[in-house]
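Two complexes come next, and they have one chain in common, chain A, joined by chain B in the first and chain C in the second.
Then we have the complex of A and B:
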């Protein structure tokens, strides 16, 4: 009896609706935001002021300027970048969008097969893919790069020829897709497996094949999960520096904005002012993506987590 | 579901747009009628449409000066040079080389990293013309740091000069001091200053996570001055240990110099003073001399007169043992190649010529800050008088040039225990024998 009562009382809601809890939550939120706000405030101050006084002086001495943003977007000869970050921003978009679409397409189809197409060893295969998540990305950097530049051989027999894609966009899309797949398949599998069996069976009885079921039933129903995973993957690829540094060269043709951002402080560490504005230019696009897909995010966050 | 379809369409649209944009932003080099023989020198083949990639730890604003200096090479030979700078250079280069994605040329600042790259088997020895240029224009010391196991791989790029002592010509003139030219002369001058209740030497080894590095320079300067280049090289390779009587003797000399409270005042304060702040009192005379590298000039606030008769200037740190000819300690970078393609070798050849150094110096402008140890560069090429002074010693082919030892030793020591132990030498008064033993114990096993 008592356990039932406890469950009904919803202790979580009660705990968070007290005045004390509200104060704690607001305090944490405030503290959490302060550094970001400081960076934001600094991005509107000129170099001299950033170096001489803390960002909080913006309240007492508000000399706001957009010069940092101007330097970051259009370039400036006096700062640590001469051409602006726009080419790099474009590279980031070119890198990120396919690196989200590829794993989502592959993982949705794989998840459907593993969940609804019964074949010998499908559970073992699913478990194997799931287990691949434990391979740390850092361990596979050099072997993967060797595969791209030299191919794979057993003795004198070539198994995979030289791909020659290192330093090109494909050379970044592929690793991102590879590293995303285990988690993507796991998340989508659990979501798709939890769709009502009756729905599929009704379709099969009506003569639908697997492809039709996948397209007309599974895909529309999985949109929240797909959208949620897409946001995860988008943010991961957008914020990635390691894969880009290793597989792309840092030139203007392929390097994403993070690579440029990492070097904005410059040779002598004197380029802080452009770094502040650069950071907010970089944040802008993930924010747009996040807010426009947010309604899926809340629904999809629990995707696959409970069966 | 119509929303997601529209979204997908928009996505594809953005992707193709951005692809277009990336192609548009690729720029071609400007063409200009220039006298190529004069600007880059004779004997370069036309290799239009070829590209050489370069990877470096150098970042903007320095990086764009390199690109500017290389523009004439591109115009004259048709070879495009793509430079990529990263502050993760030391970590990324081994990954890319082992992964088979090596750049054509890497600008390597540490001889230790060069040796590591040669050990992978991917580095290519320098072409004959580059070797010829290096033999002609650089001192054997410089060539040695670009060689691994006796084979020459990498020609030197820029150099910095560490064997300098900063002082104030105005303060010296006021007190009637003259610039010393021998070590004993410098100590006699310091005695004179001490008698006049002046602090003879300024010092500061604080540098955040790298606290202690200026102290390693002091010890290195004394080691090469007392015992010469061979002992110095054996010290780097640990054939001579820190606890060797020679190194202990050098430490004793440092104790009589920078750990001598008669000259420096509070010895412990040196450990807590940042190296940037150490010499700021020189123009006002609150301390008289500071041993620090050529790049220290940048620490003085705008308006300070850095010149021969001005507020601050530097003199060459004198030698100790007369059998060691003009000891000079410095650092620098080296061009290591990973490809034998003709355009790469042509660029390597060009980068070892005085013409390249002169073009690069010209892009630095009057502020200077870029030095070459190439003896083919006339001192008049430098617009900055301090650069002229440093270059004179760096390019001296008869000098005993040694590379910063802490950069050449294994990182666990050179960027680790040597820093921390020398710091406690100053801060805690740890004995030199204990300091030497602690550093030796931390030397990584082969």
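Then we have the complex of A and C:
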């Protein structure tokens, strides 16, 4: 905030007049928000109204109802969501929490190792891991699914026994952890590599081993970067469709809410009024997470990457 | 409600057990590995810290990537080697040529628009009050899943026959101006551009946040000094601000390029790749999971890979240079 005040006090920094900038930004912001507001407004309208008139009629003819939310949360016999979305919402939470914690911890360890326990080829390895970001996830789906259901073999020798975790939560946590690692290691490495050298060297001189340095210096100091990546990973896992579609069956036991919603999107007409409320419930949680933690997001993401 | 708890409580037990086991194993390994001393200490530390990541990366990305390259030279069931047949089929098939053209349109238009708009907004935001509110609202679509976004945009692009009232925002606006709305999502090639708007809607906020932070990091005294020398407005931007944020702009542009190249969800949920809107990622998914042709799907993945590689090489060279300076 202080830099902002400084900039405002400084006429030389003016690229355009303040009033012009304000008008332009708010116009674009308005355009950006309208589609989401349309869904929000629709979720409070009943079935006939959604199909017979546009959502903007809510301003001239406000007939608000909570019936869609009631149907979504408690279920209703007339809609395609007979049991409500709560079981799927629970699945989403159960999938997301470990799928954020696991890659963050594994990546922080690896990033520290690559940045401070240097060895021959550690830089090359870092660039190689960075390069793995371009492997399209679609490439990995079938081989991974085969690994989970059949194990890995060379000829008749079993290298990895079949894990039997496809269709369980573990079968979703693991792919999310794998796919998150290249970006996580890259971002955390940028941050951890920029920690003060004196601090590390003082600890080594005092006889601390790498594990002690990792736990007592690196972890506490990396909290901004870890928080930023965690938010990113949370949004990514919560909003993911592809991994969940492949590794979770569509059942109430493991399928996340996004898979359930996606299966309803194609069926315009049947239960679309509940879909509006369902979509908003799905969106609400990442929005709450994002708005309450966005300070960390930008700060941590940029540390070490913008000069 | 009782049955709700009885079915969902075990799920939370699973999380607790998994997380507790994860940290317990980690602590035991750290403790044991910390006991080692002398010459063994370093190799053991490297193994413990880097090992888990390398195992996961190998199983999850490296081996599948190699397998995919092999599969791309094999038939639909990955049994017989058929040489370059998959590739020649993909290049000669007219539907696929359309897919390649679409992908090309995506990677030419969307990274440019998102980066330019993001930079423009970042500059404008720098000038105004209450910027955090506008910033949050602009970034908001980033937190919304593509499934959620496709429901949202359904209310924009929806079309009803002219005799009925229009429930889609776009149709209603077009009609308010006296034109006849058409069935947007079915109109080629307009529909591809309508899908691009959704992508731009989602990604611009991200570009804006990163670029805005870069602009704020430009030292105030440099700007002040050049202002004293008489640099204002456009001149100041072109000669001072833009050169200072150029490297960030390139990073954002490259990120957008890769994201648009890998684009899958928007096409999948909005049109399923029908009506001439398909792109490489979507075809890849369709070949493998809908038409069960592992060979062609893998060949598409390799083509995608080849497309991305130059961007990646460029990025790594950039990264190398920056690190050697730092």
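Operating definition for what follows: the second predicted complex is superposed on the first by the 284 of 307 C-alpha atoms of A that agree within 3 Å, B and C clash if a C-alpha of one lies under 4 Å from a C-alpha of the other, contacts with A are read in each partner's own complex, and residues count from 1 in each chain.
Definition applied: a contact is a pair of C-beta atoms (placed from the backbone, for glycine too) under 8 Å apart; a residue touches a chain by one contact, two chains touch by 3 or more.
Note that the structure is a prediction, hence the values are computed from the model and not measured.
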item	value
Partner chain in contact with A:195 - chain B first, chain C second, else both or neither	neither
First, second, both or neither for A:73, with chain B first and chain C second	neither
Partner chain(s) touched by A:203 [first = chain B, second = chain C, both, neither]	neither
Of chain B and chain C, the chain that contacts the larger number of chain A residues	C
Partner chain(s) touched by A:262 [first = chain B, second = chain C, both, neither]	both
Which of chain B and chain C A:220 touches, first, second, both or neither	first
Which of chain B and chain C A:98 touches, first, second, both or neither	both
Contacts of A:150 with chain B and chain C, given as first, second, both or neither	first
Partner chain(s) touched by A:87 [first = chain B, second = chain C, both, neither]	both
On chain A, positions contacted by chain B and by chain C	86-87, 90-91, 94, 97-98, 101, 141-142, 144, 246, 252, 262, 265-266, 268
Complex contacts: residues of chain A adjacent to chain B	79-82, 86-87, 90-91, 93-94, 97-98, 101, 141-142, 144-146, 148-150, 166-167, 220, 223, 227, 245-247, 249-253, 255, 259, 262-263, 265-268, 271
Chain A to chain C touching residues, read off their complex	3-4, 6-7, 10-18, 21-22, 24-26, 28-29, 32-36, 38-39, 42, 50-56, 86-87, 90-91, 94, 97-98, 101-102, 105-107, 109-110, 112-114, 117, 119, 127, 129-136, 138-144, 147, 160, 169-170, 173-175, 177-179, 181-182, 185, 209-212, 214-215, 235, 238-242, 246, 252, 258, 261-262, 265-266, 268, 275-276, 279, 282-283, 286-287, 289-291, 294, 298, 301-302, 305-307
Footprint of chain A on chain C - complex, ascending	4, 7-8, 11-12, 14-15, 18-19, 22, 26, 30, 33-34, 41-42, 45-46, 48-50, 52-54, 56-57, 59-65, 67-68, 121, 123-129, 131, 134, 136-148, 150-156, 165-169, 172, 201, 204-205, 209-210, 213-214, 216-217, 220, 223-224, 226-228, 231-234, 236-237, 241, 247-248, 251, 258, 262, 264-265, 268-269, 272, 281, 284-285, 288-289, 294, 297-298, 301, 304-305, 308-309, 311-312, 315-316, 319-320, 322, 326
Residue ranges of chain B in contact with chain A within the complex	1, 4, 11, 14-15, 18-19, 21-22, 25-26, 53, 55, 58-64, 82-88, 92, 95-96, 98-101, 103, 298
